Amino acid sequence: MKVAAFGEVMLRLTPPEFLLLEQARSLRMEYTGTGVNIMSNLAHFEVDSYLVTTLPDNRIGDAARASLRQLGIKDSFIQQKHQHMGTYFAEMGYGMRPTQVTYQNRHSSSFGQTDDKDYDFTELLKTVDLVHICGISLSLTDETRRAAQALAKQAFEQGVKVCFDFNFRPSLNTEKNKVQLMKEQYETILPYCSIVFGSIRDLTDLLKLPVNEQLEKGQQERELIQRFIKHYDLELFAGTKRQQINMVKEMTGLLYTKTQVIESTPKQLNVLDRIGTGDAYAAGLLLGYCENWTLDETVEFATVNAAIAHTIQGDVPLTTKEQIRQIMENPTIDLIR
Amino acid sequence: MKVAAFGEVMLRLTPPEFLLLEQARSLRMEYTGTGVNIMSNLAHFEVDSYLVTTLPDNRIGDAARASLRQLGIKDSFIQQKHQHMGTYFAEMGYGMRPTQVTYQNRHSSSFGQTDDKDYDFTELLKTVDLVHICGISLSLTDETRRAAQALAKQAFEQGVKVCFDFNFRPSLNTEKNKVQLMKEQYETILPYCSIVFGSIRDLTDLLKLPVNEQLEKGQQERELIQRFIKHYDLELFAGTKRQQINMVKEMTGLLYTKTQVIESTPKQLNVLDRIGTGDAYAAGLLLGYCENWTLDETVEFATVNAAIAHTIQGDVPLTTKEQIRQIMENPTIDLIR
Amino acid sequence: MKVAAFGEVMLRLTPPEFLLLEQARSLRMEYTGTGVNIMSNLAHFEVDSYLVTTLPDNRIGDAARASLRQLGIKDSFIQQKHQHMGTYFAEMGYGMRPTQVTYQNRHSSSFGQTDDKDYDFTELLKTVDLVHICGISLSLTDETRRAAQALAKQAFEQGVKVCFDFNFRPSLNTEKNKVQLMKEQYETILPYCSIVFGSIRDLTDLLKLPVNEQLEKGQQERELIQRFIKHYDLELFAGTKRQQINMVKEMTGLLYTKTQVIESTPKQLNVLDRIGTGDAYAAGLLLGYCENWTLDETVEFATVNAAIAHTIQGDVPLTTKEQIRQIMENPTIDLIR
Amino acid sequence: MKVAAFGEVMLRLTPPEFLLLEQARSLRMEYTGTGVNIMSNLAHFEVDSYLVTTLPDNRIGDAARASLRQLGIKDSFIQQKHQHMGTYFAEMGYGMRPTQVTYQNRHSSSFGQTDDKDYDFTELLKTVDLVHICGISLSLTDETRRAAQALAKQAFEQGVKVCFDFNFRPSLNTEKNKVQLMKEQYETILPYCSIVFGSIRDLTDLLKLPVNEQLEKGQQERELIQRFIKHYDLELFAGTKRQQINMVKEMTGLLYTKTQVIESTPKQLNVLDRIGTGDAYAAGLLLGYCENWTLDETVEFATVNAAIAHTIQGDVPLTTKEQIRQIMENPTIDLIR
Amino acid sequence: MKVAAFGEVMLRLTPPEFLLLEQARSLRMEYTGTGVNIMSNLAHFEVDSYLVTTLPDNRIGDAARASLRQLGIKDSFIQQKHQHMGTYFAEMGYGMRPTQVTYQNRHSSSFGQTDDKDYDFTELLKTVDLVHICGISLSLTDETRRAAQALAKQAFEQGVKVCFDFNFRPSLNTEKNKVQLMKEQYETILPYCSIVFGSIRDLTDLLKLPVNEQLEKGQQERELIQRFIKHYDLELFAGTKRQQINMVKEMTGLLYTKTQVIESTPKQLNVLDRIGTGDAYAAGLLLGYCENWTLDETVEFATVNAAIAHTIQGDVPLTTKEQIRQIMENPTIDLIR
Amino acid sequence: MKVAAFGEVMLRLTPPEFLLLEQARSLRMEYTGTGVNIMSNLAHFEVDSYLVTTLPDNRIGDAARASLRQLGIKDSFIQQKHQHMGTYFAEMGYGMRPTQVTYQNRHSSSFGQTDDKDYDFTELLKTVDLVHICGISLSLTDETRRAAQALAKQAFEQGVKVCFDFNFRPSLNTEKNKVQLMKEQYETILPYCSIVFGSIRDLTDLLKLPVNEQLEKGQQERELIQRFIKHYDLELFAGTKRQQINMVKEMTGLLYTKTQVIESTPKQLNVLDRIGTGDAYAAGLLLGYCENWTLDETVEFATVNAAIAHTIQGDVPLTTKEQIRQIMENPTIDLIR
């Protein structure tokens, strides 16, 4: 199975050694984004992985493209136009101090200024079997909205599976009209999708789906999600759950089909870098999907993969199948030689 | 309210990545000191903050002064004389390995060689409403002793509040006569003070105040401290309490008035850098004082501020009001974007 | 004399050790801009220096502002609005390999989105005696154009000297209409100015001033510049001349009044960092102007200052008067202790 | 007492800040090995310590030798021949992600190519009172096997104590014949030994010693080890035990004589660098042995030493007696000044 | 035209900032080799470029492969076997201090242990139009000798052009028999070649070709090289000439056909990193060959490319066509924006 | 021959990449001093070399001592007392910008507070054949003056050669009385010396020796120096001469005996680090002396050694005999492999 992701590449700039921006005189640089993270992880899992994006046509765009190849991503559907790349600063948290992300202008980025007319989706969809689309594209600009919708529709029509990640950030969509626009955008794209990543809040707050209050509390969430799955005829709906008791953090993987709910064992977390861990969960899940694993095996693998992603610097999960399996089998081994 | 601190600026040199001095070939440099720490934190809290000190009249003094401005401290009461700056090396601890501080000569520093005749306290006390004096000045040299006492007396006389931090280190005052001298110095300065930072041990071991043994254990500490507050007619006496159970560390903030005792909820600690966290508590407390918050609000804020200071590299707490409030309201959020 | 500069603050990101972007995984960060460079250098020369600009209202804006204070610039006329800071990457050249600058979006920057209505120029012009305006503001956006023109006009009316730097980059103004617009903009601002930095090409190519071909070659440049000076009733027009013979580079400082031409002795250059060296020339010149030096002394100092700026990392010239004078007097001393 | 270790020096290359090899563009370098680790730690404990090894006769060999001297090791029995040094990469683990070691060719190393005929053991054994031999030498090459056996035999004959560390890694000895060869090698060297570091698995799996199944479970381990001690007439047999409950790791030190078993209190571990911590236990134990401490004192010290070694970057434990004693006495002090 | 290179990938380890190995505690890492250098440069020139090599089947091999992709090299003919990668340390020279290279074991490397039976040359030769073979493969091991000879022969038979680089280092082939063996190896491979990189010394000292002493001095070199070209029916023979007068270094590019000699204008050199500059000359030359440029244009471009390669850190020339052309046209521009 | 140096060890702190103190957030650390530099270089030349000094009795003293061993210096005559080490900051110059050294308090250093009564010179002088004393010890404190004089006298009496380096810095001895005191100190120590490093200015300005004006200019210097040599019955008087023409710097080595003057060929200089290069000249000269080379060979070697020291980071010349000889024989080779 060959896969592609449509999405933005951003330059992430991180002060070293948990320093704050004010304290730093140097920054670690890397190129990230939901699509980058998932495709790179799948490439490390030995799946042929493409990114469909627009990078600046200058030296920073060249450097980004080189970096994507290094991550294992095939660059044949990447184009270079315009001059700007979205950028963010990540001040790494420690203990109870949260990681703080500060974005620089993303709307004017090469990706943000490019719409469907500039991409050759037809050729892409002849090449791959599944395409991942990140919901951020629906929030970003009119151009990216048009491109994402066109890609989903065309993929659906050509029989290529669409995997969609809600990734809805209320904080980025505070204007009143924007929320209504977003609801319509999501409702437009969902009929083309087979796999969706999201949470119960996405269904209630964004799509305004009602909870069935006659069910007992414990059943409401499942009923709503499965109602949603059936409505859009999805194969899978997936997400994670996070808890914290005192200083101990835990995450649990979740996977829904029309009829089943699979929940991983909870994993305790040591956090070196919190960003991109959701993408690691998605990559693990898509690996199981691509390779026809059982749902149980898939969820367990994806959850360990996400837990390990918390221990790797940067957004991009660089885990291999062998490494995750080794940790699943010997969770207390702390030195391999 | 405008505030100033009188105190030494030191050059702190720290091996990167928890390395020992023996292992290091490079050092991170920063400029610190109790006064620097508190004033910088207050400046980050949007209080007008001055430092009153003497820096070397050479390139390292210039660099230090530039750094203080970067930290938000106003440099109009800083003078540059002589050629030497006190220095210390901090080998950062990890887990059960303690942080190890090694001092280089502080007595010969520009600050250590300068007494009250070289400062223009009159102008200073026209400008600010509160002045913070660190007890280290009483231990350091005859010159700094004279300067600190003169400043406290003059502030008292001009109606500027004096905040005094005991900061008495028995290890720095081991000679017999020295302890007697120190007792006299502290007794001389205390009548000029309104706010004092210290601990019960400072009262018993340094000032030789007797515990009332007729009270039950749990009441002795409170009675002694409030007796001390009344004796010197203080507004506030503040400190912190640290506990460790197995590997879990906790701190609790304390604040006494003549009639009240306020204790914060205990905060678990993740320690990235232990140094300067007491100064963060002081800064939080002075903020509440300057802005007339309730005592409860003040102690809770100051304690969270101190807990967060443990997660920031370097002595200087660089927290903002917004950041501390966000953590107080959402203590489990680990990623802000 | 107190001075201010109106201009953009940019984040400069530089790979270490002459690496290319493709090779780098970390970047040195600093905050620069024509105004920053000149004001910081003047502050190092002990002139009271302000920057008038708009920084993002977020953590990168806070860090930039802190950095400006460290550089010696007073921040009382800096405001923070919007969310974006102009950024550029500098791949440092070596020998015959040129330094390569790549800009990220500047039009959407906080500075680029802010016009005269958001600044309190009246208060500013009560405080300072001279204001420096960089021509880039005329090219950048409609907002910055309006702000620059308003400031120049108001300064002129309030009797504050205006110093203007052409800084016209043909490469940034390639559209046909743009060039005409620029010509008008420059013609609008010049009547308010007393000191102008530029080159003969600015007069011929941008302002379309004709050379007097009847003069002999060697006299044409002088005649044109002095005709320009008289037309706009300037006090000073200044610039530099660069030559390269084999691998040896040289620069010469030039200064014109209505009646005089002063030329420095040529200085050989060792280039560590090429960027910002023109600003060092400007700063040296403004220092002489502020302190009423002779024109000869001024040009010689400014030229040495610019030559030394080539040997300092970063845009910002951090030289002191003492340092430049020492080099002027002992040009072959290579170790001071 | 003077001590020596016979063993390989390796170049360890570690990506900074927990990065993976793929992410790194720089590596921290240091020179390590079981012998290096133990001798350096003993030198820090003020024991005269020598290393007996062969380094490359080139600039990397020179740099290694310089580093060993810095670590406190005397280099008078180090020779330089051939051109190659064994190398390994250590990708530092974090939380549940294990540390990953990747070896480069060790068989062709200068040490691996050198046998007993090239060493002057006679002179060595006149100088020292105890010699430590690492079991890796028996696995590495025919040359190192011959050298290790010759040294043990000759030490035994000259009355110099032999301390031997099993250090048997099944993964390095997977071929069938190899295991039989190893068994014979270990059986040949053991009669010359007085102190042995190992585990129960070494006795059962490598030496094929039978457990006495008639004893109750809790007694079997002790009986087997003491049977082994008596068989080879050892003074001491030592090792450690590791447990993990949830995310909490613990280690316990163990020491056996013919008649006694001493077990330390368990120590919770914070792991910064897992490698070389067993060598820290050995160094602590040898210190107690050299200085005739009680067995209880020895085991407790050695275990704390090993626990602290987990908190120090690199293989080499750089602890001092004073530091370990301070931690034993005040385990909760986290800042020393 | 598509090209491939057959050759070893080495790990280069370089102390930062011109430090010596003894002074360094960190090393910059990169993956290099003649084939890597030429293919990466051609990829930057937009030629499809493949490397044919064997990397270790472990994490360092994975990291190397990722790095090659980043450099623009296609990895479809790279295999991973065995466990070892050749390594070298480069202590960077400065001024009159030469760069010092220290090799670690290359004979045992994955590349060194792999012969022709492990490569699929047939598939390769269907894909590419030209294959580059480095003479080092003939010196390294029996396995690499067999592989290189087999590849050259098969390419010749399948009509794929062979480009061969003498790269004979007398210092690596000091044994008497070795020189004879090498002569035979070179004589075996040359009949398959179309393009050869070498020097006059390779012809006289290695191949023992006699100079025609009856010609005048200035003609001897040309006559011998063209005799050699005709003997082996080559299209091109190329090399460079280096001079140094006082501290000024210069290089000149040379290119011979059966009938012509083309010599570039000499280029003065500023040396940041001397290694790999010959490969930059080769890459420039192959670009002209692939794109059918005139010989004059080709030599000039290749020589500037080699000169610029001296100003780039690392072995790998990362120049682009646009960049070299810009420097050729404006050799004194030192800042591009 | 075995040698020792008596002198101070200082901590040198250097901003990386030619940054200024103001720009730096990290510093490279190393341990230097005239004695360190010369002894380390001699150790690299395979001469047994000792340092006689006093280091702080704390962790920075321990780290310094470890570093000295790494440099090849034997530490058996090093003692550790008091708590302070002299420190200096070196802002590295570039091109015409001079290197700027800023000292921190040296008078209070462990070395500065220790006099002859604390050293065991008797044991030292049984061990070594030559002792080097740096003139700085005569300027520093009363304690170091007493120690240096006592050592010189005792060495002379025990037949150990004394080598003395004027190292008189007028800038450190500006008070009037100080110059007279210094004159007496130098006159006291010189009768014990065999080898002296200095310049003509030391003889005229410090010792007030008159030039013989009746000689022609070119002869005056030689006559004065040889008069001085005869007066104090020296074996050798040595120094260097520096010239600069435009940007080209040159140095020439000089050596005088009672009857001869030897002058090296002039060496052009590329300066990476200017500090400690005079010590490299001294080390080269002492090597020739220890090994009984001809004077011509000695001066040439010492001068190349000093020229190369300009190209090595840090004070300490880390050259080897092999390296210097290679450069002397092949001065234009820029890559060794």
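Order of writing sets the chain letters: A, B, C, D, E and F. Residues in each chain are counted from 1.
Simple rule for what comes next: a residue touches a chain if its C-beta (ideal position, glycine included) is under 8 Å from a C-beta of that chain, and two chains touch if they have at least 3 such contacts.
Predicted model only: the values in this text are computed from it and were never measured.
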Touching chain C and chain D alike are A, B, E, F
If every chain is reduced to the average of its C-alpha atoms, which one ends up farthest from chain A?
F
B-F or B-C: which has the larger count of contacting C-beta pairs?
B-F
Distance in whole angstrom between the CA centres of chain A and chain C is 44
Chain B touches at least 2 other chains through residues 16-17, 20, 22-25, 30, 66, 70, 100, 103, 271
Please name which positions on chain F make contact with chain D in the complex.
66-67, 69-72
Of chain A, residues touching chain C in the complex
13, 16, 20-22, 24-30, 58-60, 62-63, 66, 83-85, 87, 89, 91, 100, 102-105, 107-109
Given the complex with chain C, which residues does chain E contribute to the contact?
16-17, 30, 70, 248, 267-272, 307-308, 310-314, 318, 326-327, 331-337
How about chain C: which of its residues touch chain E in the complex?
17-20, 22-23, 88, 93-101, 103, 169, 171, 244, 246-247, 249, 271, 274-275
